[in-house]
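Notes follow once the structure below has been shown.
For reference, chains read A, B, C and D in written order, and residue numbers begin at 1 within each chain.
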Amino acid sequence: MNANFRPEELLADQIAQLIGDVRHVAVGNASPIPATAALLARERGNGRPYVSLLGSPKNTFWTDGARELFDCAGQGRIDVFFLSGGQIDGQGNINLVSIGDYDQPKVRFPGSFGSAHLYYVVPKVILFRTEHSRRTLVPRVDFVSAPGASAANVYRPGGPVALITNRCLFSFAQGRFTLVSVHPGHTVAEVVENTGFDFVCPASVPETPAPSPATLKLMREVVAPQLAELYPQFAAQVFGVGTAAFAD
Amino acid sequence: MTAFQTVKSLDEALAPIVDGCLLVVPREVSGVPMAATRALLRRGIKNLHLVALPTSSLQADLLIGAGCVGTLETSAVSLGEYGPAPRFTAAILGRSITMKDATCPALHTALQAAEKGVPFMPLRGLIGSDVLKYRDDWKVIDSPFGNDDPIVLLPAIKPDVALFHAPMADRFGNVWIGRQRELATMAHAAEKTIATVEKIHDGNLLDDPVLAAGTLPGFYVESVAVCARGAWPLPLPDHYSADGEHLALYAKMAATAEGFAEYVERYVYERKAA
Amino acid sequence: MTAFQTVKSLDEALAPIVDGCLLVVPREVSGVPMAATRALLRRGIKNLHLVALPTSSLQADLLIGAGCVGTLETSAVSLGEYGPAPRFTAAILGRSITMKDATCPALHTALQAAEKGVPFMPLRGLIGSDVLKYRDDWKVIDSPFGNDDPIVLLPAIKPDVALFHAPMADRFGNVWIGRQRELATMAHAAEKTIATVEKIHDGNLLDDPVLAAGTLPGFYVESVAVCARGAWPLPLPDHYSADGEHLALYAKMAATAEGFAEYVERYVYERKAA
Amino acid sequence: MNANFRPEELLADQIAQLIGDVRHVAVGNASPIPATAALLARERGNGRPYVSLLGSPKNTFWTDGARELFDCAGQGRIDVFFLSGGQIDGQGNINLVSIGDYDQPKVRFPGSFGSAHLYYVVPKVILFRTEHSRRTLVPRVDFVSAPGASAANVYRPGGPVALITNRCLFSFAQGRFTLVSVHPGHTVAEVVENTGFDFVCPASVPETPAPSPATLKLMREVVAPQLAELYPQFAAQVFGVGTAAFAD
């Protein structure tokens, strides 16, 4: 792999492009790469989109308690959100609960969090999973925390638009994933090998473009210091930005 | 206004939390009453129906590990960057607690239903999710305002007790909660509310319009106990951060039942809290 | 954070309030935007669907008297101790406006439904009331959680614009609303929010946890205009009381159409506001 | 009429007794006599009941906006409230909307306020109307803002328990009013003459007892100064308490 950028930088650049021109991006807890992408999008857009980073006092405006994020999404005021899954299947279903029978699980994950609401109401949900394997990308999830698509009569202004992994980028439409690009250093064959679900694989799949020097500069010099407030370890590891002291 | 005897010792304040009661507690960053939780462990409370609004971390894991929980209703339990919640995970795999999986806004909505005195409230989403499938207490109706528009109705959750930690209270039982307004909803929804606080504010919080804006009125508050650093090792918004080192230690010790028992012995019974 | 161009002149700020729009305003004691109301009269706004949450006094009466209102949805209009609202009464008796009679919590509930993005919310009471009888848009269902338990469902009210007056805002559009939290619900429910304020606060209201607790985030705010004593002659909580003398004068003048016209000429067009 | 107390004092004393031993009494706007009664009850109870006087910053605890009163009532946390009506009928129905056909009214009142909810959920609603006449106490209200009673299947923990007027006190139970006492200076015949609805009239109706000297002293010396914050004119007229200056 080309050594003049890190994989996290590639992913953040791609996610920033997926975000597009929207009003408001919200990023859940423990999501440093999506957070990097959202802050990058904000820098490029000169303050637009509005970015909410859960857990960051500096980058959240909530004053109505823990419900405000969900109310805001229900109002149609969150345009982009990120979700992951212990399992993700080819229909875009995500599983944040357990593997095996629900009543006698073999593996238990933390739980569905807000996914069973947000996945339905946020127009652009970007799925994000850095472990791209047949263990995580499965034919059919064992538990549907939130489905990738819904019947026509179900209120659903939102849903998945893409899945980005450590190996590639998929788009999602009409209930299925399409391979969009493969990251530098990875191959289509490797993606097929490591993906448990069927997906549309075009005859020719481009390589995910490297971040431009201008993007890398912006990410490293402007975004990384902002990120360090919430993700000091990540900012230090990926961008070499000094860890901020915690206020007490 | 008369100052009722709202400010009490921690154990006195916690007296209304009895075995089997429906207890609601806030999420891991909103002011988790950890000192109070340790006191409940020491008392050996049993069979709690614990509602974590809408998620939990150390608090639920500790209560579950110590055998205090009969039923857990929440959207997720995790130690966040310190990994899975080991005692929660073990309890689910060992089927030693009843789990009612939810999704965050469903819990907020169910508490708001109790706050408004209505038997249910609707929520979008959920249809087609297995979260709904395993909740016999949630209903789907065809919205009378739509045209073939199914929507989920969630029954109100009316806790026996709401318990949380906040920066300060006054002697009238008024508690300053700031932006953590779900604490007010918890208190409105619950029969009784118990708050632990960092300190007592002299005077009446409702007398100052700026402080009053962030205050839960004492009218809703059964008792208050002073516990400095009462959320430790979890954070208190605008006051202190999480003690990451301790949480990492917990994650490590609680990975096994034996390690957990040792943690409890050391940090709950010997009161080695900061 | 970038400071968007949120702070504007009063007329610029009010531009989104167009003829025929669904406008929500607060009750008579929560920060009524009277300076803004007079500006709307001067602009000659027409056919408003005015929702007064949950009641109104001078503001609704003035807008109705000046022919700005097509539909009024509220629970009561009165000048309180200064007597009935004369232009409201005349309009109802003369059938010149469409009246949607409500009851206070029904309006709060309908705005909260919009705040939560649900099509309806339930409310106890109402069954057997003629308020319900005359509201074809409200539905009664048998609660699926009860046993022969009828309950009213109210459709969400999604205003085009929420308009109110508050003590202060900052240049980021954050508005300090204090305990008048129905203003936050109005803003969450509405497509756009316009606030007039007594003054601009230097700095960012969200930076101070104590001020932040009473702040509506600028995220929801389309525009802010500075209007000192902008609620006059109505009160602004914790800032100034009602101008009883002026309200008595209004009650007297507005008792007749001629007197009302003279009042408008004198106090709206000549801008004799305090 | 006996001159050593004022009619308002008699009414307030009676209402304070109706309030009884409860946790929380709330009083709506423009209700100085119920407010006097509630404060009197609080003084007698040594701080219990909790008294909320709408419009009084000193005597309300609300910090959750204008909805909190109604939410609080819905939670069962308001034990006593007061309502009035442009018309009140013998079934306890109250009319705060209009006289004549609703679509072509002859008289319009302000509106129903919160009555269509509070009348159902507050256990003790005390009806209060100082104009006792056939115009106000009618056989059947023209518009039911809130009904006095509900079908058995309607959720209704609350409702009217009494009606107090300038002439007498009625109790309310099983869907009808019963004359309890007639105020000093008034007669049963006069009550019958001026009441438009049928009510149960016992063979012997006592006179409403005068407030005791201790009660009058408490009202005048302790309650009246508290009342003056919210009702300066009333406090001055009835109790001769000085008008407080308004803060600005």
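In the analysis below, a residue touches a chain if its C-beta (ideal position, glycine included) is under 8 Å from a C-beta of that chain, and two chains touch if they have at least 3 such contacts.
Everything quoted here is computed from the prediction, not taken from an experiment.
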Notebook entry, point to check: Listed by label, which chains are in contact with subunit A and with subunit C?
Noted result: B
Check: Can you name the chains that touch subunit B as well as subunit D?
Finding: C
Checklist line | subunit C and subunit D, separation of their C-alpha mean positions in angstrom | finding: 29
Note to self: Averaging over Cα atoms per chain, report the distance between subunit A and subunit D in Å.
What the structure shows: 59
Check: So what's the Cα centroid distance for subunit B and subunit C, whole Å?
Finding: 36
Margin query: Among all residues of subunit B, which ones touch two or more of the remaining chains?
Written below: 112, 116-118, 123-124, 149, 151, 179, 184, 212-214, 237-238
Margin query: If a residue has to touch 2 or more other chains to count, which residues of subunit A qualify?
Written below: 62-64, 71, 74, 121
Next item on the list: Sort the chain contact graph into one of these: line, ring, star, complete or other.
Entry: other
Check: What are all the touching pairs of chains?
Finding: A-B, A-C, B-C, B-D, C-D
Next item on the list: Spell out the residues on subunit A that touch subunit C in their complex, using ranges where they run on.
Entry: 24, 46-47, 50, 61-64, 71-77, 121
Checklist line | subunit C residues within the subunit B interface of the complex | finding: 109, 112, 116-124, 139, 141, 143-146, 149, 151, 153, 155, 177-179, 209-214, 237-238
Notebook entry, point to check: Once bound in the complex, which stretches of subunit D touch subunit C?
Noted result: 29-30, 55, 57, 62-67, 70-71, 74, 96-98, 102-106, 108-121, 143-147, 150-151, 153-155, 246-248
Next item on the list: Using the touch definition up top, name the residues of subunit B that touch subunit D in the complex.
Entry: 1-2, 4, 114-118, 174, 184, 188-189, 206, 212-220
Notebook entry, point to check: How about subunit C: which of its residues touch subunit D in the complex?
Noted result: 26-27, 29-30, 53-55, 74-78, 80-81, 84-85, 88-89, 92-93, 95, 101-106, 108, 112, 123-134, 148-151, 179-185, 237-238, 240-241
